[in-house]
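What follows is one structure encoded as structure tokens, with my remarks underneath.
By written order: A, B, C, D and E. Residues from 1 in each chain.
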Amino acid sequence: MKIEDLREHLCGIYPDLCPLFSIEFGDGVLCVSHERLHQAASDLKDLGFDRLGMVTAVDYGEEFELVYRLQSRAMHAGIFLKARIKRETPVIASVCDLWPAANWQEREVFDLFGITFDGHPDLRRILLTDDWVGYPLRKDYEDDRIIRRPDYI
Amino acid sequence: MTQTSTSDVTPDTAETQPTGTEPTETVMETVVNIGPSHPSTHGVCRVVVHLDGEVITHCEPIIGHLHRGIEKMAENRTYLQVVPLTDRLDYVGSMYANWAYCRAVERLAGIRVPERAEYIRVIVCELQRIASHMMGIGSTGADTGAFTAFMYTFAQREKVVELFELLCGARLTYNYVRPGGVSRDLPDGWVEQCRAFTAQHPSAMLEIDDLLLGNVIARARLKGVGVLTQVDAVAWGTSGPIARGSGVDWDLRRDDPYSVYPRFDFSVPLGDNGDSYDRARVRVWECVESCRIINQALDQLEPGSVQAEGLPRLLAPRPGDAYDHIESARGSLGVYLVSDGSPRLYRMKVRSPAFCNLAVLPLLAKGHTLSDLVVILGSLDPVFGEVDR
Amino acid sequence: MVVIRKDITTPASVSNEYSPGVKGFLEKVHSLVNGLGITARISTEKPITIRYPAEKWTVSPRWRGALRLRGVLGHDEIPLIRDASTAYNAVIDDLYNGERLPPCVGNCPANVDARGQGFLIAEDRIPEAYELVRDRNILPGVLGRICHHPCETACRRNFYDEPVAIRPLHRFAYEEFRKVASERLRPLPITQEKSVAIVGSGPSGLTAAYDLMKAGYRCVMYEREERPGGALNSGVPAYRLPRDVLYDEIDGIVALGLELHCGIEVGKGKPLGALQREHDAVLLAVGLQTSRILPIPGAGADGVVGALEFLWAANHKGETGVRGKRVFVIGGGNVAVDVARCALRTGASEVRLASLESEEEMPAHPWEIEEALDEGVIATCSVGPEEVLVKHGAVTGMRMRECLSVFDETGRFSPKYGEGLSDFPCDVVVFSIGQAARLDTLIAGTEVLVSGRGQLVVDGSQFTTSTPGVFACGEVVTGPGSAIGSIATGHEAATSIIRFLQGAPLSENRTPRPVPVYAKYAVADVSSVERSRLRSVMPMTKPEERAKDFRQVELGLTHQEAMMEAARCLRCQSEVCVGCTFCARTCPDYAIHVERVDDPGGRCLTRYDLDLSKCAFCGLCAEQCPTNALTHTGQYELSFFHRDLMIFDKGEMLRSGDGTRATGRDGIMPPGCPVPRWRER
Amino acid sequence: MAFVDDLGAALDKTPGGGIILTSLDALIDWSRGKSLWMMPMGTACCAMELIAASFARFDFDRHGSIPRPDPRHTDVMVVAGTITRKMEPAVKRLWEQMPEPKWCIAMGNCAVSGGIFYYDTYSVVRGVDEFLPVDVYISGCPPRPEALQDAILRLREKVSAESIVPSRAKPVKSILPQPGDPRKGDIAAEGGEPS
Amino acid sequence: MTLLWGFLWGVASVATIAGGAILGVWWERKVSARIQMRYGPQQIGPYGSLQMIADVPKLLFKEDIVPDLADKAVFKLAPLFVFGPVATSMVVIPFAAGWAPVDMSVGILFFLAVPSIEVIAILLSAWASHNTLSTIGGLRATAQMISYEIPRSLAVLSVVLLAGSLRPLDVLSAWQWWWAPLTFVGFVIYFIASIAEMNRGPFDIPEADSELVAGYFADYSGMRWASFMMAEYGSMIAASLFGAVVFFGGGWPLSGAAGVVLLVIKTVLIMTAVMWVKWTFPRPRQDQLMSFCWKVLTPLALLQLVIVGAVLPWL
């Protein structure tokens, strides 16, 4: 399905999501507020996005951006769902109840970014040891054990 | 005799920790710890298994023993320097991570790849699929005790590795697919060698299939073990042979076509039952299909440039984010890149198929015996470089 | 060997089930027996194992083994391209065949050794550098100002950041040479009895004269104008080329033994036939003398001039009669831009440049256009001349027709015009659409043939005319082109003349090489590159000031800047590490550490450490190495007894690449450095 | 082990025991060198080459080296691959489970120094020699299987210089340079100082 | 006197087993190598045949680890118990007509019964190691070895029925060439059951290295572990030898020294077949193995017995 058709399809069914939809680098992106994330995810699932491809986060300094990549087998299309949360309150609703696939992926985001997912059944560290201090993928992560590379390009 | 060196010798091997006997309501539960270094965890995975007798009541894979922080490292490196890092993600199929990463960079920087480079990418990635599946099928043999079949598949894999060595001079970490094309053109005589390989490979593959998967014992071991239903396969986000073994008809090469795949005629093998056997057999037939694709690609290959014109040493795409995915041997491998306009990446995320596929292990293993656990784990074919990143 | 099965097709479902009943049982038994059969068959075959270490598995030629250096700065020299011969010379042939021709040399029509120039200037051997360049490019000081520098376009440094300033370095070398010229310029000995007459003192004629004098021939040159220089003298505006530079440099050639006679027009005062009798060979390097003017309505009106005439007037009289007038220049080439800028400098109130081509396709060099626009020239693109509007015999304006496309699909010149017409009011129209040769008086009374279109009949590769002993070179042969292109033909013609005079066959061993195709690089992002690594910026006068007079626009490099700039040269393909550190910068594991000193005379790679315990063998460094000094060996036996031994220093990096073992710290002494001057003090 | 140690110490004291000791050493070193069983501590990419090394084309078995999954039965631990901090205790534990005498080969740059994962990463141990006594280092990323075979042969040279009485150990005769060997140059390159 | 002879023969059989194991290991490495497109040991001795000469001293001088939490006495003793029964059972096997080390009237029963004592040793070693995987391996081994006693004994019983005696020498002297086809199914059952008995692949479930790393001997190192391996190869030699005597008539058709040579060749062939099977097939699961024993092998063995019993009156 072409990205423009997807936009029309989406707008036809969920007019409220339509203004949030944009196209970047050939991919459909839906930016929602973090309160609406779970509702939007559930709407998209009803729309036919049956596979959760990826959950990740990006550290933009003041804010974290949560990025969900959804995939629809029936429509042959993919879409990004993005939501920003404040750095001070890194909490967002879990989508584990919609896609079990989110289980480990949200654990990974929790492990590396320290973002808490409300409603996650088993939110523990997954890649690092349980006694690890800090969240390494945050831009401000400091660790004595890191050796910085020489600074030239 | 006294102990000399192992003063603080531990009572058991690292593979096994003391029998934790925790009384539950009705049964005595045994906790067995498999890994992190165990012959059939295919790397460094630790699985904590709760046993009732020999039947698994609960198991939990503990990953991260190979978590090297590649995503963090990428944030400090230029776009070209990250290519060797992606090699080390899925070390059984380095070309895939190369390619997925390069596709994301090309999307971000708006680079057009010459046609010949696309064909070469398809050829090497299909060869890589064969090499990777040889490892996957062979380790199914090793897990069930048929070590010889592993040797045979590995001999086939060696042939692919030899082709790769001729191509780019490395056996495992190729650093071959680059943003804008591939690093070098095919050497003289390579096409003929490749054709010779694809001519014999399906037959050799099916012979190994007869030896290993046609065997009555192997079928007894694999059939009905670790059944993943089609609904679960989709909900848990599995992809690749794991999903296709469960009958999920989803292959990015055909359903979200990228590169020059629409020009090839191939079919996507599917399983009925979603058990370990189907997953292994899907791999067998994917190898055969890969040979078909390679043959077609070699027929259509035309001379030309293999690198996009005019790329400077430092790529600095405009700010933004891009995602692209390809069908790797383990499923849909995606790379998500964020650029801030500087020549260094801002963020790289690898959507690792093995990570998502491994998540279903507790689901599959429940109710099976310890012997089946290694078979199920093997049938998921995880590569921990990619799982842990 | 495995039996090749035909027609293998993928089944609809891969779940292979046994048949029910007895058949299934037989299948099960068969599967076991079959398995035993397969292993039995394979066990009878010859094992595929190699017997290491006696046998080793064939290592692919591309095998990325441990790295090594082929040579290092301060230890290994590079070949310098000095030979008088032209593009068919032994050194260039060698480099070309070994794929070691540096891009700057390969892309230059005359194969000027820009790499050698950079090498010598960085070593503080500047007069030598000048002489090296002069061997291939007869007027370095002149070309250092006006050349369109194809060398810099191909410079591999484009890939990393910015190209080396090769042209300003020519100019710098000339400025330095000028100071010692009196010591270094000595007449070349005349060793041959024969002599050559050269008609025209343009760049190609001077080149041929220089080559011939080096070969020991007496050369006599005749120039029509009062001062030598040909098109350089009459066509190039003085703000780009101060005339004293040109005359001084030609004086240098005269000092080498050239007999220059100015003010003698061959054909009028001295017939060509006389030259043929007096000399053993004659070279016609007369260039193009007239401008082409389109036969459109009104073209004969007052105020319509040709570009050459306009420029001649600007250069020789300093006055073109356009003060306060509106000038309309037709053409998009470099000459048109020169005309436009000259018009500004001679007081035109408005200068408009009208080109047939679109903005991207304009044949003038982009930097020329940019400078002209800076100075206030107005450019109008994609228009073709329709009619000169005339009132009372004087030009009042120009009517132009919209042009849709200039070239057809095959790239040939075939303009397609649209319907749109536009009028531009102006007082002077300058046609700058091409030049033509005027040969009738020159060849009068000789057997030299001229084709129906008024051009000399010349062999394009040997530069002979229809008459034995009469040769031709320069723009009269090639048509309008660049100065450096003319110089290249001068070398060719000189080679032909020498062979002719010695009675050798002209075409022997002169297989023309195809010009190598060099990668074109996009503009590199240099925002994150250190300032010290970037190109020295050539100082220029401000646009508003420079548009007023004919003073030189570019101001030249200082000694310090020039030394730095020469050190930026990567000495491509020399197979000698120059310590450019691009390997260290590209290495994803930062396993390489490079240090060098940039001291004049003591320029040396002091340190090259490869930490083999970090190296990922990814090959990015060797791919990026501009000099090809850093290469992979076929070595793969990489055992060490200690981690410290895995750091390869400069000496170890220079080890032989043969064999399969890289040992590390095996007592290979690193080569020393030439003693830098600061040490001596 | 203790039995051998006691035997060695006793023979060392006995007059004339030296001759017996020398021949016993020769026998023991020979047998140890020719039968180096590997503990494949494969974690990452190098593990693939480690597998390939004992498989058909390269076949370690010819040198008497076979991989055994159980640390108790092995002589040389081949650490092939990146060791992370999460993995480090497990490797240490496996090493402790191996019976003496035991040797360690660090295969590949990750095991030698962290290799490509030396800089900027928070979870990688920079070389197994931080916690294991490594005998032979193999550079490569990953090394070819022949490189591993070569390392085994070099280790054999090292083993053959050992003695059951530590004081009688001989200098290693090998084509490889030794640490502390006079051939070993100074790390700072000669001829010219950095400006 | 008998005791003394028995002792001497015991020593001899230990030596045979040790030597046989050394050659057996080499042979297995060679056979498996050829199946796997390799060469196998090459460097020591002709075709690497003396590879074990290097392995054994190395294992001998290895550190002998006894885990702290292990039951030390049992842990140290168990390898002896593993090795003992196998060595003992060897002495009743006749090498030629009228020539058995120990002539015992219930020799066949002795051969079938005594190695089963090994089960106890395995269980002891597994338990003494204080290691979960070892324990699981030991339990698996016990179940497997005890179960497979039944079809194995039943298969041998058909020959005993034909010979009418439990004395091995009698069986050997009474052996007729047509017994081989008649009891072929019995031999196959004996072959399969013996593989299971000696924990060899594809029935090496107790020591499955992909699941249990090394099973019950996971914690043994050096010579103690070697004695487990030697017992394994010893029982393979013993079972092959016994199978060659009982099902293929020992040295038949030759006699005397030539017969002994032929017997050795037959034994080696059976051993090679054992290895061939091991390096071809995957291993079944424990429950499949047990159900195979009880549901397939035992009924088949009974069927064989019935057939022999039916044929017997017509002889």
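Following the convention adopted for this analysis, a contact is a pair of C-beta atoms (placed from the backbone, for glycine too) under 8 Å apart; a residue touches a chain by one contact, two chains touch by 3 or more.
Please read all numbers here as calculations on a predicted model, not as lab measurements.
> Removing chain A only, and moving nothing else, give me the connected sets of chains.
When chain A drops out of the picture, the chain contacts still join everything into one piece.
> Across the interfaces A-B and A-C, which one involves more C-beta pairs in contact?
Most contacts of the two pairs: A-B.
> Please name the chain that ends up farthest from chain C once chain centres are defined by their CA atoms averaged.
Chain E.
> Select the chain whose centre, defined as the mean of its C-alpha atoms, is least distant from the mean of all protein C-alpha atoms.
Centroid comparison flags B as closest.
> I'd like the Å distance between the centres of chain C and chain E, where a centre is the mean of that chain's Cα atoms.
83
> Could you tell me the distance, in whole angstrom, between the mean C-alpha positions of chain A and chain D?
46
> How big is the gap, in whole Å, between where the Cα atoms of chain A centre and where those of chain E centre?
61
> What is the distance, in whole Å, between the centres of chain D and chain E, each centre taken as the mean of its C-alpha atoms?
Whole-Å distance between the two chain centres: 37.
> Could you list which residues of chain E touch at least two other chains?
If we look for residues of chain E contacting two or more partner chains, we find 33, 35-39, 42, 63-65, 209, 213, 218-219, 279-281.
> Could you list the positions in chain B whose residues touch two or more of the other chains?
As it turns out, chain B has residues touching two or more other chains at 1, 4-6, 9-10, 13, 38-39, 64, 67, 69, 72, 76-77, 84-85, 87, 148, 151-152, 155, 173, 211, 215, 217, 314, 343.
> Mind pulling the chain A residues that touch 2 or more other chains?
As it turns out, chain A has residues touching two or more other chains at 128-129, 136, 141, 149, 153.
> For each chain, which other chains does it touch, given as pairs?
Between chains, contact exists in these pairs: A-B, A-C, A-D, B-C, B-D, B-E, C-D, C-E, D-E.
> Flag every residue of chain C that touches chain E in the complex, lowest number first.
The touching residues are 32, 35-36, 38-40, 42-43, 45, 47-49, 51.
> Chain E touches which residues of chain B in the complex?
Residues 1, 3-6, 9-13, 15-19, 30, 32, 38-40, 54, 141-149, 151-152, 155, 211-212, 215, 217-218, 220-221, 369-374.
> Per the contact definition, I'd like the list of chain A residues that touch chain B in the complex.
24-27, 50-54, 56, 58-59, 67, 69, 71, 73, 76, 78, 80, 99-101, 103-105, 108, 112, 126-129, 136-137, 141, 149, 153
> What residues of chain E sit close enough to touch chain C in their complex?
Residues 31, 33-35, 37-39, 42, 276-277, 279-281.
> Spell out the residues on chain E that touch chain B in their complex, using ranges where they run on.
Chain E residues touching chain B: 32, 35-38, 63-70, 129-136, 201-202, 204-205, 208-211, 213, 218-219, 279-288.
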